[in-house]
Amino acid sequence: MNDMTKIERTVDMQTNKISAKNVQVHYGDTHAIKDVNVEIQDKTVTSFIGPSGCGKSTFLRCLNRMNDTIDICRVQGDILLDGEDIYDKRVDPVQLRAKVGMVFQKPNPFPKSIYDNIAYGPRIHGLARNKAELDEIVEKSLRRGAIWDEVKDRLHAPGTGLSGGQQQRLCIARAVATEPEVLLMDEPCSALDPIATAQVEELIDELREKFAVVIVTHSMQQAARVSQKTAFFHMGNLVEYDDTTKIFTNPEDSRTEAYITGRIG
Amino acid sequence: MNDMTKIERTVDMQTNKISAKNVQVHYGDTHAIKDVNVEIQDKTVTSFIGPSGCGKSTFLRCLNRMNDTIDICRVQGDILLDGEDIYDKRVDPVQLRAKVGMVFQKPNPFPKSIYDNIAYGPRIHGLARNKAELDEIVEKSLRRGAIWDEVKDRLHAPGTGLSGGQQQRLCIARAVATEPEVLLMDEPCSALDPIATAQVEELIDELREKFAVVIVTHSMQQAARVSQKTAFFHMGNLVEYDDTTKIFTNPEDSRTEAYITGRIG
Amino acid sequence: MTDMTANGVPEATPHAKSSLLTQDAHTKQRNAAEKRFRIYGITAIAIGLVFLVLLISSILFKGVGAFQQTKLTLQVELLEAKLDKSGTRDIEKIKKVTTFGYNPLIDTAIKRALEEGGIENPFSKGKDLRKLLSSGAAAQIREFVVANPDRIGDTVEFKLLASSRVDGYLKGRVSRESLARDKNLTPVHLDMVDQMRETGVVNKGFNLSFITGADASESRPEQAGIGVSMLGSFYMMLVVLTAALPIGVAASIYLEEFAKQNWFTDLIEVNISNLAAVPSIVFGILGLAVFIQFAHLPQSAPLVGGLVLTLMTLPTIIISTRASLKAVPPSIREAALGVGASKMQTVFHHVLPLAMPGILTGTIIGLAQALGETAPLLLIGMVGYIASNPPEGLIDGFLSPNSAMPAQIYEWAKRADPAYYERAWGGIIILLLFLMTMNIIAILLRRRFERRW
Amino acid sequence: RDQVQIAGSSTVLPYASIVAEAFGENFDFPTPVVESGGSSAGLKRFCEGVGENTIDIANASRKIKDKEIAKCAEAGVNDIIEVRIGYDGIVFASQLTGPDFSTFEPADIYNALSAQVMVDGKLVDNSYNSWNEFNAELPAVDIAAFIPGTKHGTREVFEVKVMEAGCKATGAFDAFMAANGGDKKAAAKECYKVRTDGKSVDIDGDYTETLASIDANKDGIGIFGLAFYENNTDTLQVATMSGVTPSTDTIATGEYPVSRPLYFYIKKAHIGVIPGLKEFAEFFVAEEIAGPDGPLSEYGLVADPELAATQEAVANETALTN
Amino acid sequence: MSASFLLLTILTLAALGFVIGRGRALRSVQGDRRRLHSLPNYYGFNVSMLAFVPAVLVLVLWVVIQPLMVNGAVSAMIPAGSYDDAGGLNLIMSDVGRVANGLDAAIAQGALEHAALKTLSTSNTDIRALLGTVGVALGSDVSEDVLSAALKFREKTLTGNWIMTVVVLVIAGAGFLAAFFKTHADLRARNLVERGVQMVLIGAASIAILTTLGIVLSLIFNTVSFFGMFPMGDFLFGLTWSPEGRGGSEHLGILPLLWGTIYISIVALAVAVPVGLFAAVYLSEYAGAKTRAVAKPLLEVLAGIPTIVYGLFALTIVGPMLVDVFGAEGLNWMQGARSVMTAGLVMGIMLIPFVSSLSDDIINAVPQAMRDGSYGLGATQSETVRQVVLPAALPGIVGAILLAASRAIGETMIVVMGAGAAARLSMNPFEAMTTVTAKIVSQLTGDADFASPEALVAFALGMTLFILTLGLNVLALLIVRKYREQYE
């Protein structure tokens, strides 16, 4: 754990976007996240890897307080966004979520038109002054979501009528449309074909120039490709958090090594 | 298309499980599958690859008539299972689906306990004569679905409370429990971590000894790992269908090559 | 399957190699179950529809007569000697002449019509002749005279209502035999009616005043109409709709989306489901105590009726709204929250529209229940003889005494004269039309919101 | 509030509605509102207090009870003017095309419906199945009677004027007296008991419901108001009681025994405050309305022979004294 | 200013506030709405809300309280000798109010000079005639006391109205200004507005509690006085119900009525639940869109047919039909047309749409993926429905059934006409019985002495039923909660 502190120091010198301290999450009696400390840097892609059920999604959902919506979920510890505790009473989770956008594991388009799916966020956040601006945002977001060409002729068809992959890209585009500062993605490419995946990865890379991106993935290749930092979770613990190259070439913890070489899960 | 006929011949000599002839699928006005011919062999894993929206899922759903449940979907052409036309009037889609099981892209556990999720199929098909047999089937299936260890202590907790990956493995286990002859899997591993993926791939390999398995995947690596035959779809057309090694090393069609080298999508 | 039962040993793949084209025993059994299930469904709907048809057809059969009415066209001379002895046309003096004072005019008019038609008049007393006419005829003429005092002295043509027995005769309800022991009319009258029909004095026509008119007293079924009580129902439904729907939906949203699990929420929940089981008459007791005796709202007013019915329908709307809110998948809520919508926005932008079909169903059923309810109205003074006239304005409609359609129908059904029985069923037809108009609007709305995801 | 507000007995309602209608036509006052709901509910609301949000007149098919007067006084309703408008005849009728039920004696009704009857000088539980078992002149059909439920004022009249009379006529009354140690009241109570084996059906609804029941059962007899019967002579035949045919005349003279008086009660405190209240009351009891030739009598009300006294009481606003 | 005019003024102010608040918010960020915390409209609503809500609350309170206060002050002017109790005073005061209103009307219509008010007296004017000309009818001539009270009444009301106008306008203005000056980019307008909305939601939900309270209060006094006359034990545990019609009843046991209620409801639900559920399943799973669009509304008509029609239907059609089969000529189980069966069957028909329509909506909302999962395993449609769709829709369906059950308990007309008025403890469904509700209505609308136990028992019946269903609902809540805890 020495290295963790070392990292923290380097990170402090950079801009830290999110820092989590001693985070504990319980679902009723299940202890899903156990004392996790992590610093997520701005303008960086961080990936969370780990076996299924290890708590990646849970931790991700802590970062924009989506867990608030689950009654039995209790979060302890501090999570700071730009130095401000997001679990502070004065923080408006809504505002937080506008800053920290999210793409879910299962694509969940609204049962509305494709256009309205994208335009919804900008509308409620007042990002467009008029129809033309809104149109522009919608088009830009759909392009960034690598789905514009497929849907440009049926913007007013329902979003639920798209294929699984299309739906997922729509959801990414929807999240991007609100111009968040941090984008959380829970396995955003799990339903995508390689080309679309590549496009989304490109998008992630593009987003990195402005924002912090956190991505949960099962594909070690993907983690290696897109992320600069990688966190490895195991059974609710953050086992190791370091530069991606370091994790994949020279992990400190034996569990990490076992996982990336395919021995534990 | 010359090669297609050649393949067909070789396949005919083997045991052909499913042969599709001139299959056309329309969703209302959308022409989703265009004149597809394919022979799926028994005791073989066949993978469908192709860019998102190309019709993989649609074609897969034709094979066990799941498309019947979509009102606007029309299927033309012949699909033979063991030489019998599955779209014949006398065919009972229910019986067909018992033989041709399916795992969906989005995990969809029933709002029942984990046990009941698995036991559902065996119950309706009358596969167990008593509780003990049923218990046995449930355990065996969960083990095959590589999820037994995670859920064995909470078999009577609801299946919807599992993590995404756990849910997907539950669905695989559920499909396996009815002992189908053909198993259709629509991106079964898209929500799984590498370890679980490896387990499912192992399972697929195991199933191959008895059944035909058709799997839709976005991971070329996976297709290469698990399948003996690969079909490449593009914009509703079956562009190429051949031995997996052939497709990945020496594709005939330029589009196939472009796709597997990452140029079109 | 077959060999499994034969050997008693299950094979690894029990249905291996069985043909698709033939169904094995188990599948047959299951398909039979499937067919049965489907038949149950069809039967269920058929049962519902058969009863509906049965009910509707018997309603139509019994009630359609109310839409026709017999009238006598008479030339009435408005004798100055009777109506304005002083000749000053002083309206106050003219008003002093009661409806009884108009009877001689009517007698003369009938006699004249008989003479002109060459019809023999076996009656010596005017009273017996007047049995042909509604007792409201005098009021009709008096009203005309009070409104047009300058016409006194002229002979004016009036279309006067026939009495309910005469009307029944033309509709086939009354026959010479049935009149044998009736003291209200004799077969001789019917002979006269037959002849007067030939001369065109007696006519049967569409009964517009049944649809627009007000209630009449026990002895004048021919004059009774449902129009005013329809307005009463309309105003009450207006109150129910504007109060129950928003309150119900708001309460449901709070309970389903915002309320934390605590004793207060439990208290509300238990109360709501309990209120659904409270007999409607108890709501009447409540309405009397709270709205009339405590809040001093006027008696017999549609406003009060509407408020009482609102309280009564709230549970229905809340329960169905909550059920449909619950049915909206959580992924939709997550999606909205994920793009930074507030909880309130999530609910109003996404959840509520998706729950709309269920809400509208609840509203339809709740309003239907409110529209057909009589018992609570009994206690707040909306059942009985409430011969209000059409309200004078929007506000007046809420406050001036009125009845409601079901109460009116209930009253009519109780009255002695069989002519009222016909009116009651006619009223039910109108009530159902009213209900269907209401439903069609809601159903059109519902269809706009219905979709599967 | 501009109009007179009336509530109460549904038996009085038809008459009150006829008067209210005529009142509205002939006066500048608005037509009074006449609500139904029963004598009990009407008087209850009447005794709720004085003031605009209470009713002015309560209709009742029975005399106000002392207890009720006391309750009224508690709420400040002190001066109550009682107005008797006439009598309501109560008749036995059956399907016109059914068996010939044209003559009844109270004893027949008692034998058919009471819980216990005299057989061979002894009280036994009533087990008669058909009418001719106790009176050979009556039709040989199953007994089925539809009598008003206990909530009806008519029930009381039926019990006192028919059952008790029949009880006495068959000698059961004396037997009850003997059994109850000479307690007349207790004996009378026994006489009122109606058999509960389904031959006698209580009707909680109105006469229309009784009529519907008779329609559905051709052997049934039912109890109706005279006015109701007179409007339905095409389907009903009426039975004589002790040989007297019920009509407004026979009831007015007292020959036909089964009848009851009808009343309405006015809050004196409201007179002069509610416009038209007194005018309405006077109009109601005027000769041309409530007299033997008025519309009420025509409809079936038995005119009160002492109408003149009533008119005077209304004019003088004579309140009840207790 | 009159209250309604004042209301209009505040409404205008609120509308104005919306525009101005929105404008100020936008101006505070030089028109760049992205820098605002909330959408501009929320700032507008915030100002409207603060301008409108407190002012209207005060207005409403004022309108309710002022007449009471004025009445109190003016009634002191009526000499104590001219009435003998509160009711009499109340009557005189309503006369005063009428005269005051009449004077207003007279001035408005020009029948009376404003100046003439000062010298107005009964000796120099026939007030009754004067007011008659402007359409205000009085029951009697106006006494001097009443006139002067009426003049005072007018005056006080007028001053009161002036103060009210000022106060309400000040509050509205203050709210407006406070909200206005607070309006700038960082104000969390959305949160404020949403909190306001949430208050409204809570208020709406609380109406249920108020209603319950109202019901209890309106039943309690008469219930207590009933138990003052009639022993509670006999009422709650008595096995016979036979009121005698002239006070002093001995047998007012509720048990036969409760039994009838339960029995009839069970029969009704036994009809409505299977038929309704099957209909719902058929409509949502099997029927085509067209069939559904027609059949569903048609079935809903069943819920809208007035219950008196069902009652007549039970009495004249269903009853005799049952008698044909089960009556003397048939199985000889049935005495007359009225029976538990008759009422139950017909009530069941009425309740079909309660179950079918609500369940159909719920079933329709079950995600398609759930069905696909089942079909993919080779389940037939009926198996899918029974084992996957219905369990998923269960909570909603249970709600629908409970609603139907509640209706069954509360129904009157069908019971009165279909089941008869006989209170009986019997197992034979072909016997006449009656329910608590039917008896509440009949005892309440009867001719009995209203102060007798026989009439008051209606309140006790209502109260008992209320408490019983309340208990059942508490029980249901506890059970549901336990079940839910087990499952999650």
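By letter and in written order, the chains are A, B, C, D and E; residue numbering begins at 1 in each of them.
Convention: a residue touches a chain if its C-beta (ideal position, glycine included) is under 8 Å from a C-beta of that chain, and two chains touch if they have at least 3 such contacts.
Please read all numbers here as calculations on a predicted model, not as lab measurements.
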{"item": "Contacts common to chain B and chain E (chain labels)", "value": "A, C"}
{"item": "Chain-chain pair with the highest tally of contacting C-beta pairs", "value": "C-E"}
{"item": "Chain occupying the middle, per Cα centroid", "value": "E"}
{"item": "Separation of chain B from chain C, taking each centre as the mean of its C-alpha atoms, in whole Å", "value": "59"}
{"item": "Rounded Å distance, chain C centre to chain E centre (Cα mean)", "value": "19"}
{"item": "Chain A and chain D: spacing of chain centres that average the CA atoms, whole Å", "value": "83"}
{"item": "Chain A and chain B, separation of their C-alpha mean positions in angstrom", "value": "30"}
{"item": "Junction residues of chain B, two or more chains touched", "value": "94-96, 98-99, 106, 124-125"}
{"item": "Chain C residues counted as touching two or more neighbouring chains", "value": "30-31, 34, 288, 342-343, 354, 378-379, 413, 453"}
{"item": "For chain D, residues that touch 2 or more chains besides their own", "value": "10, 36-37, 41, 52"}
{"item": "Contacting chain pairs - touch in the sense defined above", "value": "A-B, A-C, A-E, B-C, B-E, C-D, C-E, D-E"}
{"item": "Of chain E, residues touching chain D in the complex", "value": "84-88, 90-91, 94-95, 137-140, 242-247, 312, 315-316, 319-320, 335-338, 416-417, 420-422, 431-432, 434, 438, 442-452, 454-455"}
{"item": "Contact footprint of chain A on chain C as seen in their complex", "value": "261, 330-343, 345, 349-350, 354, 451, 453"}
{"item": "Parts of chain C lying in touch with chain D, wherever the complex brings them together", "value": "95, 98-100, 135, 139, 142-143, 174, 177-184, 216-220, 288, 292-293, 296, 298-300, 378-379, 381-388, 401, 411, 413-418, 421"}
{"item": "Interface residues, chain D side, partner chain C - complex", "value": "1, 3, 5, 7, 10, 13-18, 20-22, 24-26, 28, 31, 33-37, 41, 45, 48, 52-53, 55, 206-208, 225, 227-228, 230-235, 288, 295, 298-300"}
{"item": "Touching residues on chain E, where the partner in the complex is chain A", "value": "33-34, 36-40, 188, 190-191, 488"}
